[in-house]
Structure formats: C-alpha cells, structure tokens
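In the two assemblies presented below, chain A is common to both, partnered first by chain B and then by chain C.
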Partner chain A sequence: MSVLSWCHWLQNTPWATGIRQSDLWFPFIEGSHILALSLSVGLIVMFDLRLLRLVLPTEPASKIMRLVMPWAIPGFGIMFVTGGLLFFSQAEKAYSSGFFRVKMLLLVLLGVNAVVYQMKYYPSMAEWESSETVPRGVQVIAVVSLAFWMVVIACGRLMAYEL
Partner chain B sequence: MKYFPVGLLVMAPFGFGHHSFAMFELTKDVTYEGTVMEYRWENPHTHIIVKVEPGAADPATIGTWDVEGGSTNIMGRQGWTRATFKAGDHVKVVAHPMKDGTKGASLFYAVMPDGKRLYHDIARPKTEGASASAQ
Partner chain C sequence: MSLQHLWQMSYDSHTIDILRNSKYAIPVIQSFHLFGITLLLGSIVILNLRLLGIGFRQLPMAALSRQIWPWAIGGLLLAIASGFLVFVPDPARYAANYAFRTKMVALCVAVAFQFLIYRKVVRSGTAESRSIRNIAVACCSLVLWFLVGWAGRAIAFLG
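Right, the complex of A and B next:
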C-alpha cells in the first residue's frame, strides 16, 4: 500500500469524513489549532527573544523558561492533536502538498533543535543566563527556532491556497 | 511593544476564514455549464467538479473545473445542502477563475433549474444587480 493510497483510505474512514463534513467539529478543531499557536509558538518566541537578550534581558533565562513552558507545552499538545485530526480529515491533499512536506520537515528539525538545546546548553544555563554574552550556539538555536517557526506557520497557511 | 506586530502577523489569518480570494480573478465572471462529476459537501471548502463538454457556449470553459465554494456553514446559510447536487446532474455555475490559469474557480453563484440563484456566501464581491450581465 503506497502512502498516498493509505492517505486516501485514512481520509475516507467514517470519523475523518465526519470531521470534514461537520459544521461544528471542523471549525472547532481548526480554530483550536490556530488559537493554540499563541500559547505554544507565542511563548516559544518570547523565550527565543530572551535567549537573544532582546526581551526581558535582566530576568534570568531559566526563570522565563520555567514560567512559559507549563503553557507552551500543553499549547503544543493541543496543536499536535488538532493538527493530527485536520491531517486525517484531508490526508490526501496534505500529503500531496509541498508546503505540508516542508512544514513537517521543519517541525522535525525544530525538535532536533530543542533536543540539542536541552542536552548541550540547558544543564549549563546557570553559568551564562545572567551574563551579557550568550554562547554563540544558544544564539544560533534561538534564531533557527524563530525562523523555522515562522516558516512552519507560513506553510500551514499557504497549504490552504492550493485547491 | 517593539515585537507586538509579530503576534499580529501570526493571528491575522484567523480573521479571514480558511483562505483569502487573492488567487482568483474576482473581476471576471465566467459561466461554466456542464455535468457535475463530483459534489463534495465538506470543510474547509465545498467543491463542485464540473465537466464542460466541447460545444459549450464559451469554448474557453471546455474541460473539467474544480469550482470551490465556502465551508458547509457558510453555504448552508445561503440555502445549500449536501443534496443540492449529485454526480450526473446538469449544472450552471458562475465563478471567478484562478489567476494562474489552472482549471479551478471560486464559486459566485449557481443557477438552479427553476432559475433561482444559490450564492456563495453573501454574493461576494458584488451585488446581484451588478452581476446581471454575467448570465
């Protein structure tokens, strides 16, 4: 079974069809997916800007992280679940979209980016978080995160412009 | 406040429905008359796949066209239902073609067998009177 025929089967399952044809569920799921952006990506942007010392530079970065993550992570969870449901409801179209593929690739790379931060720089945050010189690697991670998230959002929007 | 516009940029699309009408030639009203190949009553957009046979009044419309309507909510408010069309029905729709020339169009209205028009949303972008020449 090819991926495309699996997508065809998936979007024609009764519950995927149900979402697609529902006056209530589709807008609720799509709306939640977009509103959850403010919780997850919105707060991640604030944290990235703090890493670059452009926002709240006098507050320790670890404190900002502690404050935003309890909101950003559930926000990401909502985006992940609602995004999955939106994919199920139009799997064939999504799989065929170049924008969707770029979006998925960048999400994986963002995951790698976050893991690198957690493993390499998170344990030593206390050493550099209050200093005026942020390690070069941390700056790169923050810029990559900001840039990739913007492209992910743009790709999500552009998918809708393909008939 | 320096970064506030970034937030606005992210949220801006939410107010405009699934997508804007930028990809369609909104000033052009084209009549597609033919057979319904598929009528997809679904979100985020309903679709009528229309096959226009050779011999049509407008030769430029010959071929198979994907005519896109609004969401089921929006169309429902204009009187559309999942049973408005079915494959094999004769159909006459007026729609705004894609700017890039691909065989797609944004539904303006359908002319039903009794002559009544079923509009996409609130007859965007023109009023009924202004579009009389389209028929």
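Right, the complex of A and C next:
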C-alpha cells in the first residue's frame, strides 16, 4: 500500500471524518495548535536568545535551560498531539502539500540540531555558560534553531492556506 | 474623514491590490503575524508563570521582567504591523466580523492592562512572593492575551 493510499484510508476513518466535519473540534484543535506555539517554540526561542546572550545574559545558560524545559516539553507535547490530529483529519491533502513536507523535514533537522547540542555542547556548558564568549558552534545551533522554527511556522501557515 | 471612508480608500488603493492579488502575500504576512504572536505570548507565559510562583522562581521578578519586556514589545509590534497589513486589503470583511471586533476590544484592554497595571506590579518589590493579588493579576493577563489569540483564530471560522 502506498503512503498516499494509506493517507486516504486514514482520513476516511470515522474519527478523522468526525474531526474534519466538526464545527467545534476542528477550530478547537487548530486554535490549540497555534496558541501552544507560545509554550513550545516561544520558550525555545527564549533559550536560543539566551545562548546568543540577547536575553538574561548574566544568568547561566544551564539555569535558563532547566527553567524552560519543564514547560517547553509539555508545550511540544500539545503541538505533537494537536498537529497529529490535524494531519489525521486531512492526511491526503497534507501529504501532497510541499509546505507540509518541508515542515516535516525541518522538524527532523531541528531534532538533529538539538541532539548535536546535547551531545557536543551540553556536557561542557559549565565552562562557557557564564563567560561573554559563547562557542561559535553554540551560536550556529541557536541561529539555526531560530531560523528553522520561523520556516516551520511559515510552512504551517502556508499549507493551511492551501488546504 | 470617517472610518468608512478610510476603508473605502484603502480598498481602492492600487498598492494594496498587490497584497490582494498575490497568492502568497497574505499567508506570508500572516506567518510574520505568528512570529510576533510566538514572541509575545512566549514572553507573557514566562512572566506569568513567574508571577504565579509556579515557574522561573529562581530568577528575580524585577530582573526577569526587565529582560523579557523588550521582547514582548517587539513581538507585539511585529504582530500589530503584520496584522494591519492583513486587515487593509479587506477592511470591510474584518470590520463586519464579530470575532475581529472582539479581538480588537480584547487587544485594547490587554495592552492597557499590561502597561497600566501589570508593569507596575512586576516592577514593585511585592511581585517576588506568591500572593492573591499576584495570582489575580497573572490570571487576568493570561486570560486577556489568550482571548485575543482565540478571537483572532475565530475570525477565519466566522467567515
């Protein structure tokens, strides 16, 4: 079975049809997906800005990370669940959308970006987090994160406009 | 000059035709609207979690608000500027939309609350500890800003 026919099957399951045709659930799920940006991407943006020393530069970066993550992780949980339900309800169109594919690709790359940070720079945070010079690699990771999240948001908006 | 007149003028303007006729202009501007919202609501969430005393407690409220405030303002200005560009090509449609009207009223109340009351509270020494007043102020701020957000989302669903 091809992916497209799987998507066709998925969006025609009773649950998916129910969400798509609901005057209440669809706007609620879509609204939650957008407003949870504040808790997910909004908080990660603040951590990226701290890595670039553009916000709270006198506070250790690891402290900001410790304070941000307990809220950002549930935020991304909401994004994943609501985003999954939105996909579920319009799987065929979403899968066919170029914007959706770019969005998914960038989400994977953002995951890789985060893993690189965790493996390469997180263990040595104590050495540089309070100094005025942040390693070049950390700056690159923060800028990549900010830029990719912006494109992810734009792709989400553009794909919804076409659906 | 009445508001009606202003809408008609902007509807007739040729510059705005570019926004109206391009396939991607509006969703691209809306993306910038979302960048602004992400920055603004992210900042609002951080300040309010701190004011509620349930997050960011290891940071002093005064320092946190001083550092976060400019980013909140930046997000707000980006959202307003991009929102205005979405509004001008089709002002009559938005003006007639109840969700849009609710959004504008809620936005004015939220901005007034944030600048007149909230700013004073977070900059006073009494914002550090948990109190009924701080919890009430944080809840008002969260309800107002998320009402603006939900009303904004509802514009599309009310036609």
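Following the convention adopted for this analysis, the second predicted complex is superposed on the first by the 162 of 163 C-alpha atoms of A that agree within 3 Å, B and C clash if a C-alpha of one lies under 4 Å from a C-alpha of the other, contacts with A are read in each partner's own complex, and residues count from 1 in each chain.
Throughout what follows, a residue touches a chain if its C-beta (ideal position, glycine included) is under 8 Å from a C-beta of that chain, and two chains touch if they have at least 3 such contacts.
Note that the structure is a prediction, hence the values are computed from the model and not measured.
Trainee: For A:E59, select first, second, both or neither according to whether it touches chain B, chain C, the two together, or no partner.
Mentor: Second partner only, chain C.
Trainee: Considering only the touch criterion stated at the top, classify A:S22 as touching first (chain B), second (chain C), both, or neither.
Mentor: In the superposition, A:S22 contacts chain B only.
Trainee: So, A:L51: does it touch chain B (first), chain C (second), both, or neither?
Mentor: Neither partner.
Trainee: Which holds for A:Y161: it touches chain B only (first), chain C only (second), both, or neither?
Mentor: A:Y161: touches chain B and chain C.
Trainee: In the superposed arrangement, which partner chain does A:A94 touch: chain B (first), chain C (second), both, or neither?
Mentor: neither
Trainee: Quick check on the superposed pair: does A:V152 touch chain B, chain C, both, or neither? Answer first, second, both or neither.
Mentor: After superposition on chain A, A:V152 lies in contact with neither partner.
Trainee: Contacts for A:W71 in the overlay, against chain B (first) and chain C (second): which applies, first, second, both or neither?
Mentor: In the superposition, A:W71 contacts chain C only.
Trainee: Does the superposition put A:L39 against chain B (first), chain C (second), both, or neither?
Mentor: A:L39: touches chain C, not chain B.
Trainee: Where on chain A do the contacts with chain B and the contacts with chain C coincide?
Mentor: Common to the two interfaces on chain A: residues 23, 27, 30-31, 34-35, 37-38, 41-42, 45, 49, 55, 153, 157, 160-161.
Trainee: Note which residues of chain B are touching chain A in the complex, please.
Mentor: Per the touch definition, chain B meets chain A at residues 3, 6-7, 10-11, 13-14, 18-19, 22-23, 41-44, 66, 68, 71-73, 76, 82, 98, 102, 104.
Trainee: Taking the complex as given, what residues does chain C use to touch chain A?
Mentor: Touching chain A: residues 24, 26-28, 30-31, 34-35, 37-39, 41-46, 49, 55-56, 58-59, 63-64, 67-68, 71, 146, 149-150, 153-154, 157 of chain C.
Trainee: Over in the complex, which chain A residues touch chain C? Could you list them?
Mentor: Per the touch definition, chain A meets chain C at residues 23, 27, 30-31, 34-35, 37-39, 41-43, 45-46, 49, 55-56, 59, 63, 67, 70-71, 150, 153-154, 157-158, 160-161.
Trainee: Once bound in the complex, which stretches of chain A touch chain B?
Mentor: 17, 19-23, 26-27, 30-31, 34-35, 37-38, 41-42, 45, 49, 54-55, 89, 153, 157, 160-161, 163
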